[in-house]
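Next up, some structures in structure tokens.
Two complexes follow with subunit A in common, the first pairing it with subunit B and the second with subunit C.
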Partner chain A sequence: MSTSPAPNPASWRSRAFPARWNKRMAWLGLLLYVIYATSIIDVTWERFVRGIANGGTFLARMFPPETAPERMALVYSGLLESIQIAILSTFFGVLLSLPIALLAARNLMPPMVSWAARGVIAICRSFHYVIVSILFVKAVGFGALAGILALIVATIGFVAKLFAEAVEEMSMKPVEALRATGAPFFSIIFLAVLPQVAARFIGFTTYQLDSNLRNSTMVGIVGGGGIGATLFTAYRRFDYDLVLTILIATIILIMIAEALATRLRRIFQ
Partner chain B sequence: MAKTEQIHMSSDRRQPALSIKALRKEYRPGQPVLRNINLDIAEPGITAIIGPSGTGKSTLIRCINRLVNPTAGEIWFDGIDMAGLDRRDLRKARRHIGMVFQEYNLVERLSVIENVLCGRLGYVPAWRAFFRRFPEKDVERAFQLLDSVGLGADFATRRADQLSGGQRQRVGIARALMQEPKLMLADEPTSSLDPKTSVEIMELLSALSTQGAIPVLVNIHNVGLARRFAGRIVGMSEGEVVFDGPPSDITDEDLAKIYGGEGWYS
Partner chain C sequence: MNTAQQARWVRFTPTERIARSMVYIVVVVAVIWSLKTVEVIPEFLYDAPEQTADLLSRMWPFDWGYYPTVVHAAMIETIHIATLGTLLSLVAALPLAFMAARNFTPFPVLNWVAQFIFVTSRSVNSLVWALLFVAIFGPGALAGILAIAFRSIGFVGRLFGEALEEAQKGPIEALNAIGAPGSMVLAKGYWPQAEPAFWSIALLRWDINIRESAVLGLVGAGGIGLALNASLDNLYWDEVGLILAVILLVVMATEIISSKIRARII
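Now for the complex of A and B:
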């Protein structure tokens, strides 16, 4: 039926693990390109050493962090605005993500509808939120509104995409059973679809709230409001001790947010 | 063992509950799964469809409530042709046909009572379903049905994924009965269950069918169970009905015709 295997042990090994030349070539190609690119863009050891020294001076100028009350008030109001941006953008972003994700799920919708919804999600995902903030700053002016709108777009791009995938992975058996009872479409969504994906949806939402908090500190740099605006001003005025205060405050905020997100997930699951 | 006194009598007509005429189904053009099915179901009690895997039993059952759309033919149920209904009328017609599934098809993350009440979704607006504001009498009946299928009221708030296979199928049957169906379809209701539980589920279906005067159409590949519980057996082979009669009439030749081969049934 088949030819008897060769008695030579070396050929056994090469039969079990055949040489994969295209993989080897890919690694070699990557290595060559890194060497080439490094030589092109003026990365030298000397510059690296000089840079380290500059960085040291910069860090030294940051100490001690600013603690003057009127400056602290500035940091405080900036942080508060960042939190508001994060919460509002997560709330409205998630609210919009729900219907978009259901429309994008291919197991519930005809192809035309799901492709259109997928298009919307793809557009929301295709630009970094900083670029989107720049657009909204141009459109609605400086301030928190631009940041909120930009992060709503980012939230739809993330939550709607993952939520649509969760809906597509659910079991269709309960859906079939409820169809057989003559249930209307929205009853099927409420009683067969949402119960299956609710836990994951809460997970995506808390994760997005967490990352919107981080992102909200960033949109300020391009004019979208929040602590980022304060940070950028401090940089430009060489107020490095204030910069350090803002950085420490931001780190504390993110850590608190992460602890809260874990709590929230536990409550809902 | 199951208490079934509370099931309401729901049949006051004497016309056949279901009449299938020249039913044909092709998933791929030119390759019929069902060729020419003619079947009348009039009497309450269990009618068992037997036949080898892949012969279209499941497709036949799903054509009746249009979970699968037939290619040609008529399906007369309760005075209307199911095959010709648009979406809205189909939804209305489906409310009167209960269905029980091989893998129960419960919503695992909902409670037992919520799963039973899913049988009322055809009658309750979606917003009420969302807030679980089912009419009081529906909830009361759901509790009665839980009792009828042999699960106590203390099962009501348990989550469906905590139940055993037999218990899940009982919930599935209660959900179907919640519709107050004029016809019950059961697609391999015992195939995921052990032999003892299979017998219990068939006993339950049989008792409910008689007491509620509901015709039950069951796909089953266990010939022994079919013979024991069905009042009528329909044998299918290659998309056609090759035997139709009471269990006492079925012979070894008939079984050979249905399943092919010989010697395995002795």
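Now for the complex of A and C:
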């Protein structure tokens, strides 16, 4: 210490905000990636510029939105079907998620069982709901049922995963206390496990209802029923004014649902 | 209650109980209404097991020869669409998030404008964004990148804005006290506090975007979805099976990679 040089302000400064080379290299790598990726992908500046000009005509054709009564009836029935898909898929999805999540919880089940249940959840999570609805359209035909089944799968992937995590985080003391009294398995579930996680479970459910409603407007693109089918048909027929009407109606529906979900969560807090 | 001999303890107030019962009733009514009115064609249901067996038998064995010719390049394109779209959304969401953070931007009008942009971005599904951009820019990866970016702005912006609002005042007040310029307060006061949240949000969204970009091609926005759409239209289920398997592998790999990166940088 005695040999240390007199403190000089320049070295303090460098110590306050030192240059971090590995971080700079990471930024450089990111930049190089962007240059490389945009060069190999089919993205060019002139296309972008031409598209901007295109966008003007596109928007002009969207306005004013379609309001003819017979078209509005089409939009109305499509939205109604989307709502039905959302309600049924959430209801049955959550119903199925409950046992699957309990099976997946590592603090309640032997490893073999929980790994199998986790596998089911992982598969449900990995596929986008539109892809799942393609498969269900083949299996059960066009219409709302394919959309409902696809969103049930999506619901299991989300709700069961988070619910299993919630169960793993709970306190084991009530469970052990009940076990010590010799309570049967289902009593342990209903009296020690569910009361601890019910509030979070309702939170996940309302969140999933909200996202199922968003997604139910899309499964129709591949034949899964709901407003998506109407939207895609209108788009393919270049009925851009009807497309705009559908978009506005969908956005309003989603915003109402979001507000309702927030309310619902407050009631159960 | 005061006059009662024994205090009766109730967990919920009467309003709470009524509200809860109402919710239960509404749920039951909604489910019954949906079940009764939803349009399900029973004829389609009778042969569902056969159709499923047929689907599986047509899928397996996969058409492996299709991988090197089409699927590989298409999957790489999907990954690029997701990554570039995520990066673009980060660039756009960063200033908007600062604009939305009430502690950084003390003007309610600007906060409101940023929030409005976020809500719009999140309310429109990425497939719908893709439809719009395909109509404007034509089919291809550009429409996909923009669709991913526009959908992600709201997600990233809202979460990062919330992270900024949680930033501690101390370092910022210290920088202000020594007369640091605004850009310095931003770079050395706010950014270091919110940076881990920023990268964590970016990774989370990248993970989601890989999944989403796989289907954008169904409406013409490039990537593996285009190949999937072509195979579906031709009823080449062995190709469809291969594509689905590749998507599954990539999605799982992405999840592992993003959790590894998260563990390293946060």
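To be clear about the criterion, the second predicted complex is superposed on the first by the 241 of 269 C-alpha atoms of A that agree within 3 Å, B and C clash if a C-alpha of one lies under 4 Å from a C-alpha of the other, contacts with A are read in each partner's own complex, and residues count from 1 in each chain.
Quick note on the criterion: contacts are C-beta pairs under 8 Å (C-beta built on N, C-alpha and C of every residue); 3 or more make two chains touch, one makes a residue touch a chain.
These numbers come from a predicted model, not from an experiment.
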> Between subunit B (first) and subunit C (second), which, if any, makes contact with A:Arg179: first, second, both or neither?
Replying inline: first
>> Looking at A:Tyr33, would you say it contacts subunit B, subunit C, both, or neither? Reply first, second, both or neither.
In response: second
> Now for A:Arg214: first (subunit B), second (subunit C), both, or neither, which partner does it touch?
Replying inline: second
>> Touch test for A:Met255: subunit B only (first), subunit C only (second), both, or neither?
In response: second
>> Going by the contact rule set out at the top, does A:Phe58 touch subunit B (first), subunit C (second), both, or neither?
In response: second
> What is the contact status of A:Lys138 with respect to subunit B (first) and subunit C (second): first, second, both, or neither?
Replying inline: second
>> Applying the document's definition of touch, where does A:Ala229 land relative to subunit B and subunit C: first, second, both, or neither?
In response: neither
>> Under the stated touch criterion, which partner chain does A:Ser187 make contact with: subunit B (first), subunit C (second), both, or neither?
In response: first
> Is A:Ala164 contacted by the first partner subunit B, the second partner subunit C, both or neither?
Replying inline: neither
> Which partner, once the models are overlaid, touches more of subunit A's residues, subunit C or subunit B?
Replying inline: C
>> If we count contacts the way the header does, which residues on subunit B are in touch with subunit A in the complex?
In response: 65, 67, 91-95, 97-99, 101, 103, 105-110, 114, 118-122, 124-126, 129-130, 172, 175, 179
> Any idea which subunit A residues touch subunit B in the complex?
Replying inline: 171, 173-174, 176-192, 195-196, 198-199
>> For a test of understanding, state which residues of subunit C touch subunit A in their complex under the given definition.
In response: 16, 19-20, 23, 27, 30-31, 33-35, 37-41, 44-45, 48, 51-52, 55, 77, 80-81, 83-84, 87, 119-120, 123-125, 127-128, 131-132, 135-138, 140-142, 145, 188, 211-212, 214-215, 218-219, 222, 228, 232, 244, 247-248, 251-252
>> For the complex, give me every residue of subunit A touching subunit C.
In response: 17, 30, 33-34, 37-38, 40-43, 47-48, 51-52, 54-55, 58, 80-81, 83-85, 87-88, 91, 122-123, 126-128, 130-131, 134-135, 138-145, 148, 214-215, 217-218, 221-222, 225, 231-232, 235, 240, 243, 247, 250-251, 254-255, 264, 267-268
